[in-house]
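Scroll down for the structure; my scribbles are underneath it.
Should a chain be cited, it is by its letter among A, B and C, assigned in written order, with residues numbered from 1 in that chain.
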Amino acid sequence: MYVAVKGGEKAIDNAHALMAKRRRGDTGIAELSVEQIRQQLPLAVDRVMNEGSVYDPQLAALALKQASGDAVEAIFLLRAYRTTLPRIGYSEPLDTEAMQIERRVSGTFKDLPGGQILGPTYDYTHRLLDFSLLADAQAEGAEEAAESADSKLAVEVEACPRVLELLNKEGLIENSRQPDEADQVPGDLTRQPISYPADRALRLQNLARGDEGFLLSLSYASMRGYGDSHPFAGEMRCGRVTVELVPEELGFPIEVGEVQLTECEMVNQFHGSKEQPPQFTRGYGLVFGYSERKAMSMALIDRSLRCEELGEQVLYPNQDQEFVLSHSDCVSANGFVSHLKLPHYVDFQSELEMIRRLRSESVEVQSGDNATEQPEAEA
Amino acid sequence: MAVVSDQLIAGFSDPVQDSQTLFRTLLKAMSEPGLIRQIEQPERAPGPLSLAGWAVALGMLDADTPLWLSRSLMQDSTLSSNLRFHCQSPLTACAAEADFALALAAELPELASFNQGCAEYPDRSATLIIQVEGISDEPDWTLTGPGIESERGLTIRGLPQAFTEQLIASRRRFPLGVDCIFVCAEQLVALPRSTQIRIGGA
Amino acid sequence: MSQTEGYNFAYLDEQTKRMIRRAILKGVAIPGYQVPFGGREMPLPHGWGTGGMQVTASVIGADDRLKVIDQGADDTTNAVSIRRFFARTAGVETTERTVEASLIQTRHRIPETPLSNDQIIIYQVPVSEPLRFIEPRETETRKMHALREYGAMQVKLYEDVARFGHIATSYDYPVLVNDRYMMSPSPIPKFDNPKMDRMPALQLFGAGFEKRIYAVPPYTSVKSLDFDDHPFEVQQWQESCAICGSDHSFLDEVITDDNGSKIYVCSDTDYCAGRVAASEEPQQ
């Protein structure tokens, strides 16, 4: 006699054991340490911190190790940990103008106060595999190169004004905030559900946590005619920014640390409206670590989501708040797609019964039609 | 008003388990309107507040729930000190801004002064915790609606006539409305907005 | 009783539980209305029961006895995983027997054994909005609920009638609660819909990704949408369960060989096992 499949508990235990073995790989090869991941895969760590919404390179590296290098799984691990953390306090707004700059580029001006600083980037590398990295030992000359780079970087760049503020002096670009606009306490997406339309602070929060690939492709589409975006990279800056907190009992700000950030301001055309003369508009992106692709995508989508407030028509998905904000999260998207792996026996059984019934009815109808048609054909 | 520390009393003895027990009591009450429940914890309540009223405050309020107090409760420093210390709820003088209201029945303002929610978000309405003089299952009122198998009798003593009338009339605006939790000593009973109230027995 | 070190009872922190509890009470007060709540990240993926789990975590107490089913069965991997989660984080007793459970978390089924007034059933919901596939925009569906404007769903169902002769929705079949709110019963087969109507147990629903909680209090009218000339009807089988012989429960089809031979068995494993045990008793 058939017996319903049992053994779910055992199967789960086995799956965990098999995964642990697969994660470790060949035990003849030295185990990768969390510190190695943190030091040597920093861009992967940065992505996990961004979408995981936790600034902690060590935990992000741990998550990557535990997730066998799967960024989405690592982000999920970090998010689930984050949920359980108490809120100790809220920092003062970060002053990115006071950033200790390590890299800064502008696509809009050849030279500008503070200058262009290329800093560390893959931008101008020729994408040729470096076979010297194949060797276990460090590539020859790498240490020397690192040392000489260190000495160059030692020339600390002074804080410098943002490029877009220079444009603003001429009134060619919109203000980043209205002169009479008071400080607003932004909402918190991780504690309150989003309701539409969402204000810009909430949208930016959502985008900062959003899936890099999703935002990249959407912003790509917005530049290819599926949108009215004609952007210039006004400024991209990477560096370290001080975090300050005002403890209740002290009443004045104290420094609690610093974070590495990438900030991007896009400049976009705006044809003007009845109320406003033509001027440039802004799109803004701010993310943890060295995450330029993400910061740029975020800034482009920020701008396309502003279309309603600027009186532009919503024509494409990248301009549609509900579409973008409710599908940007990799943890949610991954969960919902992957849940199809769960059993759906019951729903499927319901559909099976329905399809069989519809088919048999349609066969009956057809054969019934034929029966009545045939005599007519003969007549 | 600052917290006066010598007026502070203990809250739940086991906050995690006692909050859960209180919630289940309240959930049962809200799911089956008119069903009278007894609370188990805490053992003391601050100022003029009943044990059941204090239990609901401890279990349901926190820094995210603006709270409105009726006149004499607002003036009671023992109560406000304990509310601030245990619940951290921001106190508001404007009834319409409150998520929760804690009131002595005799001091209730017009029902309409509380937030009734809006058509798109009827859940953004106030929950009223009303301390009354007595609760029993005598059928002064006959209740019908979701959570009630056929009908249920309820008597609330000390509720102003005008408020009762407003409460009955407010049913016409469903899903807008407020949800009431009546408390007296260790007893509580809930009347969500979905419950129809008829004056008199069956 | 064992609890996981470093985590609160039932995983969620107390502030989060309070927020969810407040949302549950509002849901109970407005039957069938979807209450937005500050859904948290859970250590399981969205779509795998995080909504139901957050509701369970906020409701469950040390005295509860929890049953978790997926597709009607206690032993499907996801049911096992969620049951273990609460056994581990809340240290509560678990059971596979419907009658012994004080809380039942379910995905896609309502047990065949009628539930009693001292039980609570918690449904895992993937897409809480019954109108979502007619109108994807939250801003629009919210208006439709506010105005009780459900014509679009009637049209959709009637198109089925026009094409196929009857309504072709077989699961997640929309219902009207307390004659006011249209509600998704979650993807249960429509076979289970009649069990929801005036059920003595409290029914709670949690949608993790959608961040919505809703509820049906005991003894509340839950009506499956239909038309006067095309009344609502449920699935029926020619076959009986190959294990217990039941001719009135929801049956899963099981393919037994490469030729596609099949048998039918109860999807509710506890109900099936109970019938087998009862039939064996007199012989002992």
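Just so we're on the same page, a contact is a pair of C-beta atoms (placed from the backbone, for glycine too) under 8 Å apart; a residue touches a chain by one contact, two chains touch by 3 or more.
Since we're looking at a predicted model, the values are computed, not measured.
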Intersection of the contact lists for chain A and chain C: none
Most centrally placed chain - per-chain CA mean versus overall CA mean: C
Whole-Å gap between the CA centroids of chain B and chain C: 30
Computed distance of Cα centres, chain B from chain A, in Å: 44
Chain B residues counted as touching two or more neighbouring chains: 121
Touching two or more other chains - residues of chain A: 195
Shared-contact residues (touching 2 or more other chains) in chain C: 8, 19, 36
Chain B contact footprint on chain C (complex, rising order): 8-9, 14-15, 17-19, 21-31, 33, 35-36, 58-62, 142-143, 145-147, 178, 180-181, 200, 202, 215-221
Chain A to chain C touching residues, read off their complex: 1-9, 11-12, 76, 79-80, 82-84, 86, 190-197, 322, 326, 331-332, 334-339, 342-347, 349-354, 358, 361
Residues of chain B that touch chain C when the two form their complex: 15-17, 19-21, 23-24, 26-27, 30-32, 59-62, 64-65, 99, 119-123, 125, 127, 145-149, 174-175, 179, 192-194
Residue ranges of chain C in contact with chain A within the complex: 7-8, 11, 13, 16, 19, 36-43, 45-48, 50, 70-73, 75-81, 84, 107-109, 126, 136-139, 164-165, 168, 170-172, 187-191, 208-209, 211-212, 235, 237, 242-243, 250-254, 256, 263, 265, 267, 269, 272
